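Note that subunit A is present in both complexes that follow, paired respectively with subunit B and with subunit C.
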Partner chain A sequence: MLSYILKRLLLLVLTLWIVLTVTFLLTNVVPGNVAVMILGTRSNPETLAALEQRLGLNDPLPVQYVRWLGKTVSGRWGDSLRFDQPIGALVRQKLVTSSVLVVMALIIAVVASIPLGVIAARRQNRWQDTATSGVALVGISLPDFFWGILFILVFSRWLRWLPSSGSVDPGQDLVQSLRHALLPALALGVGLMAHLTRMTRSAMLETLSKDYVRVSRAKGLAERKVTYKHALRNAVGPVLTVAGLQLGYLFGGVIVVESLFNYTGLGWLTYQALLNRDVPLIQASVLVIAAIFMLSNLIVDLLYRALDPRIEYG
Partner chain B sequence: MADEATTIEVRPGLPGDRGRAASGRARALRRIFRTSKGLVGGTLVALVVVVGVLGPVVIPHHLATQIDVLHRLAPPSAAHPLGTDQLGRDELVRMLLGARTSLYVGVLAVALSVVIGLPLGLIGGYFGGWADLVLMRIVDAIISFPVLLLALTISAVLGPNLTNATLSIGIVYAPYLARIARSEVLKVSAMPYVEAARASGAGHVWIMLRTVLPNIVPPVIVQSTISMAFAILAEAALSFLGLGTQPPTPSWGLMIQAARDYLDIAPWTALVPGAAIALSVLGLNMLGDALRDALDPSFVMEQARRAEG
Partner chain C sequence: MKRRTFIKRGLLASGSVLVLGDLEGTRVLAQDASGTPKQGGTLTWGHSETTQNLDIHQTGTASTLRLLQNVHEPLLTIDDHFHVQPNLAASWERSQDWLTYTFHLRNDVVFHNGKKLTAADVKYSFERIKDPKTSAVSFDVFEDVAAIDAVDDHTVRVTMSKVYSPFEARITYLNCAIIPQGSGDTQGKQPIGAGAFEFVQREFGNFTRLKRFDNYFRGPAYLDEIVEREVTEATVRLTGVQTGQMTLINDIPLDRIAQVEKSPNLQVKTWHPLSWAFLNFNHKVPPFDDPDVRKAFDLMIDKQALVQGALWGQGVPTPTPSFPNSPYRNNDLEVRKQDLNQAKALLQKAGVRPASLSIKFKVTTNYPWHVQAAQIMQAWFQQAGVNVSLEQLTWSDWLSQVWKDKNFSLTMVNFFTLWEPDFLYYNIWHTGGSFNFRNISDATLDGYLDQARQSTSEDQRVTLYREAQQRIFDQAHDVILWYRNGSLAAVPALRGIDTIVQPNGSNLAFWRTWLAT
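Entry: the complex of A and B
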């Protein structure tokens, strides 16, 4: 197990290096350099030259690459051009705000999807199954921003239950913070919920046809007990794994949802960086999101292997 | 007779009963449309294709761009069956014309990802070794970026417009196709008929293109169909954020973006393009499911086995 973890960590470092390189290339090789991005295409040539000099853009690309790599790895990310603040602190603060949203979305998705999947599997091919599967299919076919708009319309404009815009720091006012996160979390979680419902259903169908389930039925256990104690326990493992894997996926989805709800987390920050061509901030936020994505995949994979001794270490 | 003999000689990799294989494939295609999933999915996709191709030809262009301030944000009526938007433009017309944008992005982005991903997967899976290791590390690294984040970044950096949105979506999905192609190549390469081709002295390129490639086409088609659904969703998201299609080109994502400010008074301006996205993505997902059931016999057998318990 230990050598496997080491191997995975080594691979992680390698992948992270490629991710860094891709990010660098993405923001440097394209036509128009950072200085042009900052000042715009019709800027004063002298100002442009001065800024190019200041940012070291006249050096050869490999030199810039090595310098950038050194700075990024050692955590000296510099200042955001758009917000005029140190990027490290900015990203850390927004990460907390986004985490509230993402964890909430994950909880909503898991709590709603497992009972739905179980009901669909127990009532296979009856109306409960058809309805659940239909809802799940619609869930994955609509973009999250469209769900967001529907939720704003229903819960914020018509029913006036929840705010449709903004975010509150959880340290300041926890209740308000959660109230602001609820609608975006719903919008973010719908797709995952639909996905997990489909997974729970098929995993339950598979376990319900296993021999030990048949045995427990044969010895006269109540159907409820068979379903929840014997089948669900065994079916829920892979579903939770997928849910964990989707943590990174949810972090990827925050850009659209946070922009829609003006929820000032990491996704909103990335969007602002992209809109304002704030290159250092684009690089930092893209890297942080990719790193979270990779780490959550690794942790889930290791946990899954630790929990299930049948899996061999390759 | 002589014809058949040459066929066997020239195609060392094929099992020899080409006729049977072809009719099997035709049967598989017929089977797709006999399932309700395949029928509904196929119909929806056909509808989007017909509207996307014919819409701009049949519908006079001025109907989509004509601004009519007196009738802005008008609810559905006889003159405007699905209402009008914030500039008084007909929602139905704009929705129908938006199908072209989605179709354009869906088809071209997926074509691009196949053109990039398929050769990489083919080469990596076939040769293995260092080439495979390096290719798959790069693929893994690109997959480490959330899809939408990477597409948004590429599109923003290149300059947001329809072409660059298509490019960025195509690039982002290429690694997924490379991965699928590679794993299928690994499966196929272990087959006796590939070994037979090798034993008969066929070259690497010949084996890859004539023996391996035809046998990995079905899963690639399934993945492409599903990728197309994602590409349409991605275009809508990019345009919604202002980093994709730019006005005045009709796009479902752009229509929803514009509708944001008028949700209270004109909810139909958001619901119409939303329904269009949902129906086309739903269609592609259902068709993809049905295609997988029909084209991948191992999957069907697996399901049958499961059902029997």
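Entry: the complex of A and C
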């Protein structure tokens, strides 16, 4: 077990290095640089050259690469070139903001999808099943920004229950932080909820047809107990695994929703860094997103074994 | 069907409203006129753009200046007619030879750090802007400054090496604001000025919080706090003010202004110009090195229809970029009317077969209305037989390819706040101008502009700048397209909406606004 974890961690470091090197090369190959963005249409050749020199953009690429690698490994990420803010603090702050959104989206998706999937399975081929499957199909088919616009219209514009934009640091005001995260979390969670509902339904259908379920029923156990105590417990494992794996995807996929709701989290920051050719900030954001993705994969793999002792690690 | 007719019919058919009414004005709710200003409350401002580096000397973006207008004060300022007025300096004198300026500072100005304004602060600020290491956007203002001396605690003398007649006007720009001595290194993250509001906190990309500065030299503001929320998505911003989540927003989406103006629950202010836009030719790329070809392109454009189609009527065509109320504006100029036959004749005169032209029009997606304008103009160019393809670029790519590398044939861009004629015409149209990305080199025009910046006669400067505008128009160095309107929408409780927009058309100040309960 320990050697498996060590192996996976080593692989994680290697993968991160490859991801970052590719990111570094790509961001340096594309035209444009951050100095041009900083000065905008108030620049002239002299101020531009001075700023490029100050930012170290004139150094050869290998020199920039080695300097960047050294800084990254030692954790000295420096300042964002475009925004003149310490990258470490910036990424940390935005990571916390995005975490509220992503975790809330995941909770909404899991809490809603499991009961819906169970109902659909128990009422197979009846109207409840058709309705749930139809809703799930709509949820999967429509993009998250559509749900975002719809939720803003309904909950913010018409009902005026929730703010339509912005984010609040949970450390400063947890309630406001959650209120601001709710609509984007709903928009982000709908697709995942639909996906998990379909998964729960099929896992439940498979489990409910197993012999031990039939035996339980034959022994006279109440249907509720058969469904929730025996069948669901066995069916929910793969569903939770997929949900866990989605955590990484959600962090990488929040860009659209965060931009729509002006929810200034990690996705928003990455988008801004890309637009502004802020290479160190792009690299830091990609590093964090990639690390979250890989770590969540690793944790899910380990938890899977805890849930199902039959699984062996090589 | 003509493209113009098509555009108009298309807009009408889609249920859109073409706004042909008053292009400048305020629709204030009836109760706004009543009541006595009262202190207190927080103004939540839904700002259309993200603010950047907060160092007032370094920041070049209109968005950051819009916010920092509330934090900083320049030595001199301007009135609505662009006449230079005292500000932190209570008075000043200019020597007969225009080589020495002596500024007498007010003695009641206090910075947000509690220190009183002295001549040392002015000397420090001006020297910091002049220092190339600062990368200050207004460094060129001080190029001809030989010395800055603190004569005594409240007197500063600026000595020029040669006459630079726009000096007084140029130092009214907020980029030349006075900051406390020694505060330069921290201004980017913690701006300290002498303005009506002091900086409290900023979460980058999310919000900036300012609070009332009770020792403001003009008297304290009414509002307790300003929370500037950066909401770049226009519809979300509009929803914010409609739901009362925000007190005020700037830049109402262009296609929604007509609808918002009818809303009984919002106040709306529109004005022009917020900015002006122009079509640009690369003068080193044939056939745009020929004035007849450039003029032909000008004649292909119906500017009024362009304003309707791209700006939803939220602007007016203009033949010159000088502000409408500027004394330097050449009011004799008239926008060229669309005339495709004359355009074709000019191309023929220049020896250019329209069908032989294949031109790439680079346009930035940073301004969506520029993309729409480019699409409309593309149709007109094609009607004249010229094959024009569009290339849409991100702002970063546009700045790199067009602004920096000058790698383009045809493009368009806009500018904010350039009301001062030397800053405007010298930088954009002089052969050596910092913003001359079109490779324009016109000795006659250069002569006007060189002479104007060294002229000590106001009448002569007015004449020279009007001549310069005539020359730019006659040579069709660029095609000036429009002034775009600015707009604000506010909840009914906000009073004093008419005091917010500053003479430069872009900056917003909240010193005289207040909230009625």
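Note that in this section the second predicted complex is superposed on the first by the 279 of 314 C-alpha atoms of A that agree within 3 Å, B and C clash if a C-alpha of one lies under 4 Å from a C-alpha of the other, contacts with A are read in each partner's own complex, and residues count from 1 in each chain.
Please note the rule applied: a residue touches a chain if its C-beta (ideal position, glycine included) is under 8 Å from a C-beta of that chain, and two chains touch if they have at least 3 such contacts.
Not measured: the values here are computed from a predicted model.
By the touch criterion stated above, A:Arg54 is placed in contact with subunit C alone, subunit B being left untouched. By the touch criterion stated above, A:Ser43 is placed in contact with subunit C alone, subunit B being left untouched. Of the two partner chains placed by the overlay, subunit B and subunit C both lie in contact with A:Leu275. When the shared chain is aligned, subunit B comes close enough to touch A:Val19, but subunit C does not. Look at A:Thr207: by the touch rule set out above, it reaches neither subunit B nor subunit C. By the document's definition of touching, of the two partners only subunit C reaches A:Gln85; subunit B does not.
Look at A:Thr197: by the touch rule set out above, it reaches neither subunit B nor subunit C.
Using the contact criterion defined above for the overlaid structures, shared-chain residue A:Ser133 touches neither subunit B nor subunit C, since it reaches no partner.
Once the two complexes are overlaid on the shared chain, A:Ile255 sits against subunit B while remaining clear of subunit C. The intersection of subunit A residues touching subunit B with those touching subunit C, taken from the two complexes, comprises 152, 157, 259-260, 275, 277.
Subunit A meets subunit B in the complex at residues 14-15, 18-19, 22, 26-27, 30, 137-138, 140-143, 145-146, 149-150, 152-153, 157, 205-206, 209-210, 214, 248-249, 251-253, 255-256, 259-260, 270-271, 274-275, 277, 282, 286, 289-290, 293-294, 297. Of all the residues in subunit C, the ones that touch subunit A in their complex are 50, 52-53, 55, 60-61, 132-133, 135, 137, 139, 188-189, 203-207, 229-233, 236-237, 239-240, 242-245, 394-397, 399-401, 403-404, 413, 415, 434-435. On the subunit A side of its complex with subunit C, the touching residues are 31-33, 36-44, 46-48, 50-51, 54, 82-85, 90, 93, 152, 156-157, 160, 163-167, 169, 259-262, 264, 268-269, 272, 275-277. In the complex of the two chains, the subunit B residues touching subunit A come out as 137-138, 140-142, 144-150, 152-154, 156-158, 229, 233, 236-237, 240-243, 256, 259-260, 263-264, 267, 270, 274, 277-278, 281-282, 285-286, 306-307, 309.
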